[in-house]
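Each in structure tokens, the structures are laid out below.
What follows is a pair of complexes built around subunit A, which joins subunit B in one and subunit C in the other.
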Partner chain A sequence: MSRINIICVDDQRDVLTTVSRDLQPLNNHIDIEECESADETLELIEDLDSEGKHIAVIISDHVMPGKSGVELLKEINEDNRFVNTKKVLLTGLATHQDTITAINQAGIDRYLEKPWHAEELLNNVKELLTAYIMESGLNYEKYMDVLDQPTLLNHLRKRH
Partner chain B sequence: MTKSNIKKIIAVIIPLIIFLLPPSFFPIENLSIVEKRVIGIFFLAAFFWVLEPIPIYATSVLIIVLELLLISDKSFVLFMQGSDAANFGTLMSYREIMATFASPIIMLFLGGFFLALSATKYRLDQNLARVLLKPFGEKPKMVMMGLMVITAGFSMFMSNTATTAMMLSILAPVLAVFNPGDKGKTAFALCVPVAANIGGIATPIGTPPNAIALKYLADTGTISFGQWMSFGFPFVLVLLLFSWVLLSALFPIETPKIKLAIKGKFLKTQKAYIVYATFAVTIFLWLFDFLHGMNAYIVALIPVAVFSATGIINKEDLKNLSWDVLWLVSGGIALGNALDKSGLAKNVVANIPFEAFPALALIVFTATLGLLMANFMSNTATANLLLPIIAALGTTMTSLEDFGGGKMLILCLTFSVSLGMALPISTPPNALAHATGQIQTNQMSKVGVIVGITGVLLTFVMLYVLKMVQFI
Partner chain C sequence: MSNERFLRSANLEWLKKAYFSNEQQKLHIKQGEVLMKQGEENKRLYLIEKGALTGYLEDETGKPFEVFRSTEGMFVGVYSFFSKTYASYATIIATEDSDLAYIDTSVDVVEDEECRSFVEHFMPIIVNELSSRQLLAREASLEKERTLKRLLHHDKMATLGEMAAGLAHELNNAVGVLQRKTEWLSEEMAGYLKEKDSKGMFPFFEEGLKHGQHLSSREVRKNRQKLEAKGLPSSEAQKIARTGITDKDLKKHFKNDADHTNRMYYYWEIGTAFHDMLLAAKHAVHVVKSVKQLGVSGAERKHGVRISDTINEALALLNSPLRQVNLQTDIEEVPEINASSGELVQVWVNLIKNAIESMLQVEGLDPKLRIACWVRSYKIMVEVEDNGPGIPQAIQEKIYEPHFSTKNDGPVVGLGLGLAIVRRLVESYQGSINLKSRSGKTIFNISFPLEKDLKQ
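Coming up: the complex of A and B.
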């Protein structure tokens, strides 16, 4: 069965470790990948996609050496292979203009500020993961224990 | 090797072996080539639906395509060799096999889907829930009764899953403010799936097994929509009341007051009025077919036409229809047709000395088997597998006549199948309610087993009454 992936992007190792730890409860069903730069991320999603794996959520920092987080998310947003992929900007250092670009052009689904609360991050990711699973038509029953209830119920209400 | 691979291999190998065995291997006299192929397809269906190596609707599609390849009059050339031999058997018309995708049963369900979809889109469901909940006040036990009545009522016309999803999201804010130690939480979270599972029994479109049963009942004298409700509805009321008492007793509610806040107002646009009117007219036509002569299948297509023509259901909405459920049922019908048309069902029944069994034991066995299987697999798949055999059995076994014959046995199985609700995996409503985190599996099982067994006993009572009034 093709696995579902969540990708965390940050140039700081300790941030990646913390994010991964916060998302630990999803581990049974979801693979959590860590990337240290935008280019590494683009390479990784290329590989994952060619293996037929799902990329449900990308959580990215903004200020990184090389390509910025907003540029990365914008590129992914414009790629028609990843229309359902959810994008999260996790940063403490985005300017007003960066934020506007992130919303208007990168089409981000969540903006979370550093430092973040573990529970808040997990809940947001669960919501996005649920939306991804439902929109991609995956069998939601397999992932029941990591899904966000209200999001799931909302999607199921519309199906007849 | 992963578990799912093992499942796949078992589900493919065993039917393949059956397929390759010579007809003489089977303990059935004069088994034809076609009949042997149908046995293969049946076992494949059984293993696939039970083990679920692929989604259950995909198994249905597989059945239909295998029938077209193996036992249709236009099948693969190698499978047609020797078709004039005496023991070859009769091939089915490919048109007949393909037509299962659009059989009257499927049209009935399509109509039901259109009604449900329009009700959700124009918020009729949520607004009705708001208005209907009001008279139940704020006393927790009464609120729970209200929730159960509304859930059951909606699931008679909407899918049990969509109804549960709606009611649980109405309930979610209330569950959040309960005291942590209050058992009432469990009662509330459980009352929704229980009511949704039970409610589906009341109408032919309430749940797919009912519609499949209609197909087999058609052979022994049809039951109209209104006739089904005349016994299904009281059955649901009684079992619902029982479940309400059971839940209140098992999980006493400590919270003194409960207030469910449902937002919204009835839409007052032209399209909304068309939805309300079409809903009412369709149900009226379904119930009073003896006045106008149109059967339930034809009536079901009226909302399909009205909602398509008015744009109430548009192209995008069509994608939200559960085509998978329609295909799941189609495959069941195709399997039933193959068993029937090849003569296999009758042949098997004739070869097993069922006459030696007491009729009552057979009835109890049927109900138990249906209830057990439905607890562990899809209710619809259970009905797909068991109904063709039970229907054949019912028509051949003369000792059943005293108890209502084939009709009785079909209804007995259909009701039992809908009562399988002891585990989170038993039905989608159970899975959703379990995922709220308010119910432990053993609590769900306790309620599910008690309601299931009581429901089966109640089915026996209902069938006895139906026999008394000479309905069956």
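Coming up: the complex of A and C.
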């Protein structure tokens, strides 16, 4: 069974490790990857994809050297291989224009503001993870511990 | 009267001699003496032979304000004399000891060879007076407009500065508490863990506290893959990989025991948490300090300010936007000068922000920012160089004008208050600012004179 991955992206290492630390409750079922730049993320998703692994959620900062978070998410949004992948922008610094681009062109699923609450972040990621698993037709029973129940029920109702 | 005849009548020298030579009609007035009062009778037209007079009007509260100044060769009393109201419209006071000559209403026309009338003789004076008063009024209203603008601008800046200072003050206490308590807690925790540790784990806490996670996400991934290849379960491999523990230490600690790995990682993670907290608190304290200096209103200038320090303050303030560019600094330690560090930080923040913003406009550019500071021939030089699109020749002078902007996506709320302020501040230090710009290379060069006592 191929593993499901969640990728966190932030160029500030202390912030990055804090984000991934907040997602540790998912760790038994999900692999949490960390990347310090957009380019590193693009390389990583190539590797993961070639190994047949799932990329359920990408949580990215916006202001970073090189490619910005919105540019990264836009690129992933345009890639057919990742249509089900959920995209979260986690930032305190996006301008009005960036936000418009993020919604219209990068098709982000959530916009979370820094500083964030661990519980809020975790709940949002759980909802998105659940949606990804259901939309990709994976066997959800294996992941019951980390799924968001209302989202799961919603999807099951739709199925019947 | 034909135009030609009128022009010839404009012989002021002749007129002054013909009408104002009567020794009986001369007057000496001392500095501060009142020649005539607003609204009171005046039947004389005065020529100032020497000295100067000033005219005042009273405002609604009875306070005098200046309306005109007349000097040698000019006339006063023109309005009351020629309008036939014979009432002075202003109060006229001698600005210095003055010699006057006058005519009164009983004056007879002085005949000339062309038999011109009295009005013909004096027409140039009346027109001249009218036009000079109009000029004065125009000048005054322009000045008023300028003053108003300056005041408004100053007000806006002062408010921003005060807000920044207020904010910084509030944050200062909060951040200070966080910093101190974090320090205290990390020391307590060290003591507690050391006491509790029975399995030789304490060094991992110390390592984490000292260095944090010093491996990049890429290095951690590589490490983890190596460990996984050795047969370690993924979650344990990830933990060990993060700590950056060396192969040698690994052999000592690696017991293929999940409990052992978890405990080791636990100690290390607590250490890195304190490491990050202390670093973050330190950074916050630094930023608050910089903002506080920026907000210093009235900008008190003190001795002992080092320009190189103020540049570093500005860089700390701009930590976030600076992450988007490659920064190169050649900052030498320069002699101290008499300055307000808040003002100087403002100068650098403005220049650096502009540079970053202009570079980020260019798609696909590898943005490079260079900041240099050095001393040369009794001057402190600072250069801010970027590889952005450059400033077109046509607007290079305009950029210093208040409210001039090349940014079109709405008002930029932030610390940047424009190059107008930069120039005003730099010039207030007898410094100068120069711009060299072409596409791909823009350099702002600022120089400050070193103080005299340092010139030997």
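Please note the rule applied: the second predicted complex is superposed on the first by the 160 of 160 C-alpha atoms of A that agree within 3 Å, B and C clash if a C-alpha of one lies under 4 Å from a C-alpha of the other, contacts with A are read in each partner's own complex, and residues count from 1 in each chain.
Methods note: contacts are C-beta pairs under 8 Å (C-beta built on N, C-alpha and C of every residue); 3 or more make two chains touch, one makes a residue touch a chain.
Note that the structure is predicted; figures quoted are calculated from it, not measured.
Once the two complexes are laid over each other on the shared chain, residue contacts for A:M144 go to subunit B alone; subunit C is not touched.
In the superposition on chain A, contact of A:D31 is made with subunit C only, not with subunit B.
Contact comparison for subunit A: of subunit B and subunit C, C touches the greater number of residues. In the superposed model, A:N154 lies in contact with subunit B only, and not with subunit C. The touching residues of subunit C, when paired with subunit A in their complex, are 212-213, 216-218, 220-221, 234-235, 269, 272, 276, 279-280, 320-321, 323-326, 409-410. Against subunit B, in their complex, subunit A makes its touches with residues 1, 139, 141, 144-145, 147, 149-150, 152-154, 156-160. Remark: subunit A residues 11, 13-14, 16-18, 21, 27-28, 31, 33-36, 40, 44, 63-65, 93, 95-97 touch subunit C in the complex. Of all the residues in subunit B, the ones that touch subunit A in their complex are 4, 55, 113, 116-117, 120, 158-159, 161-162, 164-166, 168-169, 172, 320-322, 428, 431-432, 434-436.
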